[in-house]
Each structure stands twice: as C-alpha cells, then as structure tokens.
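Labels run A, B, C and D following the written order; every chain starts at residue 1.
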Amino acid sequence: MGKNRLEAFSDGVIAIIITIMVLDLKVPHPTEPVPHPDKLADLKDLLPVFLSYVLSFIYLGIYWNNHHHMFHATKHVTGGILWANLHLLFWLSLFPFTTGWMGENHLAPTPTAVYGFVLLMAAIAYYILQRAIIASQGHNSLLAAAIGTDWKGKLSPALYLAAIPLAFESVWISNGLFILVALMWLVPDRRIERVLVNRREE
Amino acid sequence: MGKNRLEAFSDGVIAIIITIMVLDLKVPHPTEPVPHPDKLADLKDLLPVFLSYVLSFIYLGIYWNNHHHMFHATKHVTGGILWANLHLLFWLSLFPFTTGWMGENHLAPTPTAVYGFVLLMAAIAYYILQRAIIASQGHNSLLAAAIGTDWKGKLSPALYLAAIPLAFESVWISNGLFILVALMWLVPDRRIERVLVNRREE
Amino acid sequence: MGKNRLEAFSDGVIAIIITIMVLDLKVPHPTEPVPHPDKLADLKDLLPVFLSYVLSFIYLGIYWNNHHHMFHATKHVTGGILWANLHLLFWLSLFPFTTGWMGENHLAPTPTAVYGFVLLMAAIAYYILQRAIIASQGHNSLLAAAIGTDWKGKLSPALYLAAIPLAFESVWISNGLFILVALMWLVPDRRIERVLVNRREE
Amino acid sequence: MGKNRLEAFSDGVIAIIITIMVLDLKVPHPTEPVPHPDKLADLKDLLPVFLSYVLSFIYLGIYWNNHHHMFHATKHVTGGILWANLHLLFWLSLFPFTTGWMGENHLAPTPTAVYGFVLLMAAIAYYILQRAIIASQGHNSLLAAAIGTDWKGKLSPALYLAAIPLAFESVWISNGLFILVALMWLVPDRRIERVLVNRREE
C-alpha cells in the first residue's frame, strides 16, 4: 500500500465530508402561510446553522492541512497506520451530523456537548495516528523531531474535554473554547516545515 | 504541501459541489390527489429550479477552468495560498444552497439577492487568492503578467454588487446580470495561455 | 490544461453521480400502522426504484468506460473540448433525478419519456464531444480512424428518440429500448483498442 | 485502460459510499412537543443507527484495503475485469441504503436479512473479480499464489448465507455473524504481501 494511495483516499473522504455538510443548510420552508415568504427574516433562522457550518469547515480545513504535513514526513505505510487513519476519518465523517444537529437546535446544550465529544474523539484519533506513524518510523524520525513537545496536540483534547460538561452551564463558553482551539491551529504548523528545512541544510 | 495536492483537493470539492446541486432537483410529489399524477405539468414547476441549476453549473465550470489556469502559472504553495483557496471553496460550497433556494422560490427577490451575495463573495475570494499567489511569486511573475489589467475580474464583482439591491426591483434584471457575467467568462481566458506561449518563445 | 486533469475531474463527477443515485433508494416508511412493519412486502415497492437504479448504473458504467477509451486516443485538450466535456457531464448529472423520478412513479409514462430525453441529450453531448476532439486532432487522427462508421453512436439516439413518444403508448416498449441500447454498448468497444494495436504494429 | 485509472475510480466511489452513509444519521426531530427537546435520550434512538454505521464503515474499510492488495498484484486490466469491478462497486453502493434501513428499524428481521443479502452479493462479486483477474493473469500469477486456499473468501459467504434466514429467528445471531466476519478480515491480509516479498527475494 503506497503512501500516495492513502493520501488520495483521505483527501477524497475529507473533500466529501466538507462538502456534504452544506446539505444540512436546508432551504427555509415557512410552515404557516406568510405574507412575504422570502423575507430576509428566513435567513436569521439559518444563522446558527451557518455559523456552525463555518466552524466545522475551518476544523476540517485544519485537519486536512495537518494531515498532509504529517504524511509529508512519513515514509512507509503499515497496516496499523492504515487503520489508525480510517479511525480518524470515521470521527471526521460524523462532523456533518453533529454540525447539523447543533446548528438546527440553535446551539442547545446536548448537541453542543456531542459536538465537543466528536471533536475530542477526532483529536484522540489524530494522536493515535501520529503515534502509529512515529512507532513505525522510529523515535529519531523526522516526524518525532518535528512534533517535539506537541503542546497544541495535548492542550486541544483538554479544552474539548472541558467544553463538554460546560455546555450544560453555558453553550457560549463551550463554543468559545471550540473557536479558541480552531484559532490556535489556524496558525500554520511550521514545526514540520522547519525540521524539513533544517535536515536539508545539514 | 505540493501544488498537485491542492489542485486535486480543489478539483474534488468542485466536482462534489457541481454534482450535489442535482440533489435539490426534487422529484415532484403532488400534494393533492390528481387524475394524471405524472403529467408534464409537474415539470413546469421544476423549470426555475432547472434554470438556476444550469446557471450554477456554468459558473462552477468557469471557476474550475480559471482555477486551473491560475494554478498552472503558480510555482509553489504557501500557507496563505492554502487558506485563501479554502476560503474560495467555502463560498463555492454555498452554491447548492443558494441555487436550490432561488429555484424553489421561483426566483423571488430575497433568494436572488442572496444568490448574488454568494457570487460576490466567491469573486472576492478568487481575487484574494489571486493576490496571495502574486504576492508569493513576485510582481514580475507569470501570473501577474498574464492577468494584466484584469478588467473581467474587476467588472464582475461590480455587476454582482449592482444585482443585489436590483433584485428587490426586478429579479429579471438581477438574473440578467448573472447571465451576462457568465457569458463574459465563458469566452476562455486566453491571457494566461498567451503569456505562457510568449515566454516559451523568448 | 492537461488531459489528465480533465480525465480526473470527469472521473470524479461520474463517480459521484453513480453513487448519489443510491440516495434515491429511500428506506420504506409505512404511512399507516402495519402489523409487521418490516415485511418483505416493503421491498416490493422498491423494485421499480431498484431496477431503474440498475439500468442507470450500467449506463453510467458504459459512459465512463467509453469516455476513457475516447480520451485515450486524444492528445491535447482545447477550450472547446473542455466545454463539450462539461456539457456531457451536465446531462449525466441529471441521471439521478430522472432515475429517481421514473422509479418512484413505477415507470409511469411522463417520467419514462423524460428519462429517455436525458439519455438522448447525453448521447448528443457525447457525439458533440467526439466531433470536437476529432476537429482538434485532424480527420486522420487515431480517434477518427477508431470510430469509423460509428453505427452504435448513430443508432442509439434514434432509439432514444423513438422511445420518448412510445412511452405514452407503452412504458414497456420504451424501457425495452433503453435496455436494448445498454446491451448493445455493454459489448466493449474494441474499435479503438484495435486501431491502437494496429498502429503500434506498423 | 490503465490499472491506475480503475483504482482511482474505485477509490473515489468507495470514498463517496463510506461518507454518504452518514447522511442517514438523521438529526433527531421530536414529533411531539417535549420539555427538554435536546436531551441525551434523543441520542439513544440513534444508537442502532450509529452501530450499523460503524459496522458498515469497517466493512467498507476492509473492502478498500483488500481491493488495493488485489490490484497491487494485478498487471493489466481487461474489459472483463472492468465490468467485474463495476459489479462489485454496485453491491457496495447499496451499503448506505441497507445500513440506514437496518439502523432505522432497530435491527428488525427483514432489514437485517437484506443487509446480509447485500453483504453476500458483494462477497460473490469480489470472488468473481478475483477469478477474472486470475483468469487474465494466468494461474501461476502472483495473485493466484498469494490467495492460496482463500479460506476467508470461502467462509465469509457461507456465514452471510447462514445469517439471512437466522435473522428471522434472532437478529442478534445474524449481527453476531456479521461482526465475526468483519473481525476475521480486520486482521490484515498478509498473504499477498508475503508472496510479494518472497518473489523479490528469489
């Protein structure tokens, strides 16, 4: 199993996930007859759906970006890596469902908590995949050097874990934490690039 | 991050967007019992849905085509280009929603205005992406030379901007403007090809 | 614009079309309370939906197969070929809609006629694409030689055209014609392969 | 028709199938007004849907994995292999439908039996594809040697066949058999890898 194959399949799955989320942006259908059935007011109902769509789009963009950086530093693919990768794709594939549920319920506590749970599981799956790659490439490998202390990878699950019970106190705190983690990762992960450049210079 | 990777991912997302739009072409379900439930009259209701599908299909074809011409003249991909590209894909991903909404409401004012707004944002996102590429490749780059004055790229957002308030006057004017812009771009953009050929000859 | 790019995009779109058709296979929801809600009887209602799914799946498989044979004999891609290809993809993208409509209405006349109409338009779009390729490659090109008299390509639209009005007489005749054309094409098109082999031997 | 093309198309179709299954995870909509409309109780109803989603995700992961191992040992593609492959993709494309139906009916007998039937047909299609490849490559081919007695490939359809009537006795036995077969295949198929390594050493 070549590395390219796995990357192409993952790209395909992530491209589909990021796109089918939009199917949950349902065209507003007023249930009672209204004088102006196409008022902008219809769009106001869509706002929470739209905002959770934006958030999930950014998360999937970050995962796609980091997934590539990680595999850029990977040389060969084992059966373990393959299944760790499918495990990550599984949790990512639940994003459209949790996004739609949270948006449609106007960020109610339970959907928000479930959204956080899926984010947490995806982060854990990403961590397992990273471990599986390092285990197969050796602890002196490029990826191990590039990741270093991996404070982002360790802080993110902790923040998701905090956001789950906090959703029942205030969904704003939970969603604030989700946005915070996204912003934290939006800064492109230069660690791997830096190590690659260093190695080339040696 | 190689250029090919980004092109393949963008291709995948655009291919999915262009195809899932058809899911909004709903099979007609007569709500009251009718003597001939499968009359051609059912199709007449579908006409605005179908026409807005055709328009969006052409727009996405144009974006796909120009996207490739642009990346053909791009050498390396930075983090900024990557996120500018995801930003463009985000607005394109809203096409199925706005297309379905406009079609289903028989081209009513608000959906038409929202359709124009998403076209405008996609055009701005395309412009930002173009700027990000030129910024990273230098102002003497192939792409900068190829684009030149970019009158189409500057006129299109102006026409979309005009079409948004005009939708509340007459949806025919707005939709006429959308069709006009599409026709303007359907003429293949030979600028980049010409510059590529010129450079090769030098 | 490279040939590979266009092939990859077409592959992506056809892969999505062939797969989202299954979304029209709706899980049966009995509308009135029934003693055995999961009886096999539920599946009987699905039979026409399933059969039209099978037919469209085979048609799309044939188009995918022939599309590749055609581009295998194509050397460069022009703007005209690109838009002729998008035109073909447009009509193919309507297959899920017409398939779902025909299946859900138990092969009623109008949906059957519309199904035939979309088949006809796809066949015409394929013919235009073939002409555009031959026009750009020269009439002595590999593809022109390979296609020869192209009796299948000429007979198929004639049979679709006959099937459209016949649907209002008997949907069985129309569907019989659709199946006949599919069987006619299922025999793999060895013409292009043969010419390729001949040229290699010269 | 190159091997890469067929692999890329199959990858695309499997990526889409594995992802659109999630569209059947419907956001819970309480039908009667409830005091806490977003309680975790809503999620309990989703449990059978979720579990059948997990099972099908694993099955599709196994098919994707084995499909690649098989084509890794394949040298050229004939018309017969192409159609045998489309036949396999056809049965795999029904997974989202049977998964959704089984999950939504809380693993009722008929949907479980139909789920088993589609698994059986996919296994038979895989077997036919394997035979078509061996027939075209010769019985001394890499693949023939790698597969050997193929006890898993022979045992699996037998277990699916048993699970179909057993669903009407106890859906737990049937689902237990489906899980057993999945576990049996989750162990990566080292046979082809082993033969490839042996040949390289000779």
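What we mean here is this: contacts are C-beta pairs under 8 Å (C-beta built on N, C-alpha and C of every residue); 3 or more make two chains touch, one makes a residue touch a chain.
Given the structure is predicted, the values throughout are model-derived calculations rather than measurements.
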Interface residue overlap between copies subunit A and subunit D, same or different (over half shared): different
Per Cα centroids, the chain farthest from subunit B: D
Rounded Å distance, subunit B centre to subunit C centre (Cα mean): 26
Chain centre separation (subunit B, subunit D; CA means) in Å: 37
Shared-contact residues (touching 2 or more other chains) in subunit C: 8, 12, 16, 20, 23
Chain-chain contacts as defined at top: A-B, A-D, B-C, C-D
Residue ranges of subunit C touching subunit D (in the complex, touch as defined): 7-8, 11-12, 14-16, 18-23, 25, 27-28, 37-40, 42-43, 54, 57, 61, 64-65, 68-69, 72, 186, 188
Subunit D partner contacts - residues on subunit A that touch it in the complex: 1, 5, 8-9, 12-13, 16-17, 20, 23-24, 79, 82-83, 86, 89-90, 93-94, 96-97, 100-101, 104-105, 108-111, 114
